[in-house]
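Before anything else, here is the set of structures, which you'll find just below.
Two complexes are shown next, each including subunit A; its partner changes from subunit B in the first to subunit C in the second.
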Partner chain A sequence: MESNLITEDKQKNKLEKAFEILKTMASKPSGLIGLTIVLFHVVLALISPYIVPYDYKAISPNTMLLAPSAEHWFGTDSLGRDVFTRTILGGRTALTVTFFGSLIALLWGGLLGIFCGLVGGKIDDVVMRVVDAFLSIPWILAMLLIVSLLGTSTEVLIPALGFFYGKGIVRVARAATHDVIAKDFIVSARARGHSNMSIIWNEIIPNVRDAILVEGAMRWSWMLLGFSSLSFLGFGVSPPTPDWGLMISNARGLMSFAYWSVIAPIVGLSSLIIGINLTADAFAKALGIDRSTKAPV
Partner chain B sequence: MNEIIESVKNLSIGFNSQKGKQISILKNVSTNIKKGETVGIVGESGSGKSTLALAMMGYIKQGLFPLKGECLFKSEDLLKMSSRQLEKIRGRKIAMIPQNAGQALTPNLKIGYQIDEALRLHTDLKKTERDKKISELLNKVRLPSPETMAFRYPHELSGGQQQRVAVAMALAGKPDLLLLDEPTTGLDVTTQAHVLELLRFIAKDTGTSMIYVSHDLGAIAQVSDRIVVMYAGEIVLEGPARKILKEPIHPYTYGLLKSIPKLSLAGLPDSMPGSQPQPGSINEGCSFYDRCNLATDNCKKNSPDLEHIKELDTNVRCFNYKELINQNNNLQTSITKKSNNSEANEVLKLKDVSISYAKQKFFDQLLNKISDQNPTVKDINIDIKKGETIALVGESGSGKSTILKSIAGLLKTKDGQIKFENDRILSSDLKMRNPNDLRAIQLIFQNPDESLNPNHTVEQILSQPLKLYFNLSGEELKKNIIDLLKKVRLGEFYMSRYPRQLSGGEKQRVAVARAFAAKPDIILCDEVTSALDVSVQAAVLNLLQQLKEDLGTTYVFVSHDLAVVRAISDRVAVLYQGRLCEIGPSQNVYKFPSHPYTEVLLGAVLEPDPDIKPKLVAEDIVEEKPPEKGCSFQGRCPRKIGDICNSEVPPWQIGENGNAIRCHINIEELASLQQ
Partner chain C sequence: MLLLILKRIGLGLITLFIVSLITFVGVEVLPGDACTTYLEREAYGAALDACIKRLGLDVPAYERYLDWASNVVRGDFGYSLSGEMPINEVLGPRVKNSLVLASVSILIGIPLAIVLGIITALWRDKLPDIMISTITIFSMTIPEFISATLLILIVAIWLGWLPGIVIIPSDATFYELLSNIILPVVAISMIMTAHMARMVRSSVIQVMASDYVQMAILKGVPYWKMVFRHVLPNALLPAINVVALTIAWLLGGVVVTEVVFNYPGLGRLVIESISNRDLPVVQALAIILASIYVGINLIADLMTLMLNPRLKSLQIRK
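== the complex of A and B ==
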């Protein structure tokens, strides 16, 4: 009876904690705006296929480059496709690819960083120099090489982006681990004879989790920009799939007289990036990690 | 002499809680500081002593605000002044000496420049006059070679020297009132005694009034004319220092004084139950009600006022103080502890242990050895018997914690052997030890804030060793955890708490429980009480002793505090610069003849008694490295006899009391010298 009470208490604590963090995030205007934007985009990505007014790939010579009107809210593009339809669908691929990409970046970057921070010594030195070497390669060139060799399917893009954006997380996770391993509770676990895996899992991860999650959230917004750049260059999503990067690329030549076909995807992309950034900042503040004043943890 | 320079009237300071309630940290505090007087403000952490002291210089921490009352400095209210007006007073009229001078001094500016800055701001002296004044001030605070000292950076100075620089800076503006916030906490015993002596001298020499804030009644006793005792934001006792320390008539002060371990007493100090209430948790009645053994029903309902007793010149906040006036003669009592039988077998032997922090050179790395001729710790030979408490004592840098880490397997030894049970050699590498040896030796750390994972509940913390060593799970695991909590006098409901929800003493109890979870043979205690308040310290010491008597555990107890060591240990080993100076049964080590270093340490101990003044026999220089040849204490020894001390390692001599001393002076001669 008593034990049930305690476990219940603990679970409630976790839920309550999550709810409390959300509440703290929403208590400041910037956090509230960020959360709203991100939520809006996520919901839109989920329901957009069912609410779009037109077929996103329906080409029509009769409706080329129409200005915004009651029928076509955001006008039409150079192939006569409805810009509104393509804009609300255009975030789906980007969101999915970058979300899973960030997860991969978090996993390998976080775990490798924690491992390096814990073991230190030669292994740490070698791994960190390799990471440094990769940091010095312009990621976009490397991505272009990978994509041109392996194609532009999501199965290629997700791990490739995840790999390139995880490098920075390695450094953050390693630094956060360094702060923690000097503490006596790690020494205590070591002296008891716990294995490295057990120390990482029980003692380190609960204490560096917050810092790494915040970093991951920031990486997500950068990856979104990176993915759109690839699409813009023609190496991301293949036509006719609607994508903001691709839409901007296609319409940029017509900007002077058909501004609407460019503005809508730009607003879509930048609002999502701003939203994620604001949310990540509010998240960091709610967890007590202030990115503006000090390093994580 | 009787002119009042600062007076606090009915001051209350508080904050708004998250629920919008007003919670006061200081409640209706009134006191006066006379000219030339040193007032000690004493209390445990959270008693509001620092808040009061800071308010006395018109400073209120962010988030706090004055609720009512005033702080009159020469009949002007500091709390109503603009920051411009305060600027003129701070530094010139009221100066402050911070707790940690190492952090208060700007690291990239030279000492001389920083003092010059204080002079420029607070005096109208010209450049040449200021230069003269700087060396005058450095001289006054007794820093060696003041001329060159001015050109040094803070990091080139020792902790005691940094504190002296802070004193010099505070004196630059010739203040009327000097505020000292725990100025000697964190310094070594000998350094602390020297700094206090300096402060006392300055108070007398310049006629400056001082407010000395500290949790350490020993330090307060050395400097104060008058003592203010704070508890839960209230003054509970105020009066002349001698009266307060010798005949405390408030139950809290009485309990506090009894819970301080004393050199003259061999047993454990009495502990006070419970802990200080959180701000805002007491609505009616006396705030000390829960912990008081004089409490009556009246105390629960009504809160006593501060009552002035004319014949004692004392203010006291207690209904029943009269009961204490008569029973005050028994401050000098202690709980006798059971000593182990000396017949027991040795459980741990350190044989010629040396430890080096030197980095391995390339060739040494290949040969897997360390070629350091002058290691940090050298030639340690200690045999530890089953069931005894052996203490390693010394100042910072004496290698006491280093030895402890080596026993725990956290630090590799350079030479020598650690032998465990039946002379089995224990590897100094953790990974080479078998699980049962790891279980047998457990560690308790100094600071429970750092030694408990902040993201684990008490249940998770205690289940770690139980799962690792005994593979327990489910109901059995839970039963064991509850048993452990009971052993350290904590209730079952602590299981779901996080460390941040516990008080310092409770956290340390959890740490103790975690060590005992492994059913260890030896527990290594690294300064386990130094981060705790005095009354909590006594309780933890009593708990450790009780557990030892019940379970027959062996303790290796590391501490810088000689009085604490005296209270808990059976045997004491005194270390200086990683070399043993003296070792023997504790009652004998505390008696003469003793090693000159032990003599210095014993002389510097601060006791909460105005009649026992520290004896300053040696300089408080800090040595960075142990000497390469000769006696380890040659650099500071007040009884150095000549070249032999510099060239030859002194021999061990066994005194008639059974303590072994490592000194060139003949032990009988030493005895007559120290009489």
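== the complex of A and C ==
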């Protein structure tokens, strides 16, 4: 009974803390705007299949390249498909892929970084050299190679993105662990005879969690950028899936007289990326972490 | 000091060695070898044999790696399948074109970033800062292909001031290039400037809050003298490394920008070689781009080392 009370209390504290952070984030206009945009996109991604007015893949030669009107709010594209329908559906794949990709990146990057920071020595040296080597290959080249050899299905894209955006997290997690590791409570945990696993779980993770989460939020927006760049180059999701990067790349050639079919996905993608960025910044500030002096690695 | 520099160079070389291993092993492990990948459905009989001979795929992998690596060290990247000529001949003009694009963007971008960063830091939270910071946030978060597409739409199509895409052969002369690269340069330096300006800003703000600047103010040093003598040297020094990392990170963005503007540089070669499934060229590009990244970081490290007297007697630990 008593232990129950304590866990309940802990949970309430966690919820309260999360709520507090949200409140701090929303107290500044940039954070509020960011949160609103992200929320809007997430809700839209959830409900869009039920509210779209047209079929996203219905090709019709009679309605090619129509200007925006009452029937087609954002006009139609070169295959006669409704741009409004495709735009509000366009975030679904991007959001799903990058969300799970970020989770994977956070998990493996965070754990490997903490491990390296804790054990140090030879293992750390070797792992960091390999991470450096991966960092020095431009992400786009590596992603393109993987995707062109293994295909562009989401089962390939999610782990590939998760892997490539996780290597930078290794460094952040390692640096954060280094900051923590010299503190007294780690020394006393060692003196109590705790194992490495238990120290990582009980002492280090709670203390580096903030830094890693902020990094993960930032990575989410970079991953979205990477994912849509891949689609734009024709190496991401395959048509006729509605995807912003793909839509921009298809409509680009005709934008001199059908600008609407390129503007709509541009607004969709840009607003989501800006929203995630603002949210990540506000999140970092609410947790007291300054990211502005870091390079985007 | 000399030892430290040698150590840095050594670490860079080790990184490049690992990159070469990764690309080589990656190509080996992923399904299909260079020939079957390139020839796709025609991968049988005489064509396949000829291709295997040409690339020497009939020898064991480790021998091929040693062969390839020693050739790369001597500056020979092998044979391009799709171009049907040595990779060096394919690369030559592309490297030059990309260098022109990159150096013009950097020459415009870095000074502009420093000026903007200083302005936003000194007038922190005032109108100039709010305006410039808003613009930088926009231009650094929006993907390159979107800003490039918007530039083409607005400047080239709606206003009709400049050509929207670059229509020049890859062996165009320097002057032919210059007149064509205005929009690509704007697109690249916009993002680069935004990133760097933000870093310069926070670096200057940090230094302005330090004890010795407070001391200088209390001593009555004139404001601008203080800014130029005490703040800037200390603020820009740590920014060098970050700027290097940013430039290196933007290599990926340059690829996309070159594709949008149809610019015949290394970036478009990346896409072309991957769509042609020309793995020898992909391998060569991986090594070259990684060398650029390592090189830029090395230069930045050495510059910080030269410029910071405190570090000369100190081992930098990373």
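Observations
Note that the second predicted complex is superposed on the first by the 284 of 297 C-alpha atoms of A that agree within 3 Å, B and C clash if a C-alpha of one lies under 4 Å from a C-alpha of the other, contacts with A are read in each partner's own complex, and residues count from 1 in each chain.
Throughout what follows, a contact is a pair of C-beta atoms (placed from the backbone, for glycine too) under 8 Å apart; a residue touches a chain by one contact, two chains touch by 3 or more.
Bear in mind that the values here come from a model prediction, so they are computed numbers and not experimental data.
Contacts of A:Arg129 after superposition on the shared chain: subunit C is touched, whereas subunit B is not.
Between subunit B and subunit C, more residues of subunit A are touched by C. In the superposed model, A:Arg190 lies in contact with subunit B only, and not with subunit C. In the superposition on chain A, A:Pro49 makes contact with neither subunit B nor subunit C. In the superposition on chain A, A:Gly253 makes contact with neither subunit B nor subunit C.
Of the two partner chains, subunit C is the only one touched by A:Ser229; subunit B is not.
When both complexes are overlaid on chain A, the residue A:Gly120 reaches neither subunit B nor subunit C. In the superposed pair of complexes, A:Asn202 makes contact with subunit B only, with no contact to subunit C. Touching of subunit A by both subunit B and subunit C, each in its own complex, is seen for no residue at all. Those residues of subunit C whose C-beta lies close enough to touch subunit A in the complex are 11, 14-16, 18-19, 22-23, 26-27, 30-32, 37, 137-138, 141-146, 149-150, 152-153, 157, 195, 198-199, 201-203, 206, 238, 241-246, 248-249, 251-252, 255-256, 259-260, 270-271, 274-275, 277, 282, 285-286, 289-290, 293-294. Considering their complex, residues 129-130, 132-142, 144-146, 148-150, 221, 225-226, 228-229, 232-235, 245, 248-249, 252, 255-256, 259, 262, 266, 269-270, 273-274, 277-278, 290, 292-297 of subunit A touch subunit C. By the touch criterion given at the top, residues 2-3, 6, 9-10, 13, 183-185, 187-194, 198, 202-203, 206-207 of subunit A touch subunit B in their complex.
Here subunit B touches subunit A in the complex through residues 408-410, 430, 433, 435, 438-439, 441-443, 445-447, 450-457, 459-460, 464-465, 468-469, 475, 478, 492, 495-496, 514, 518, going by the rule given at the top.
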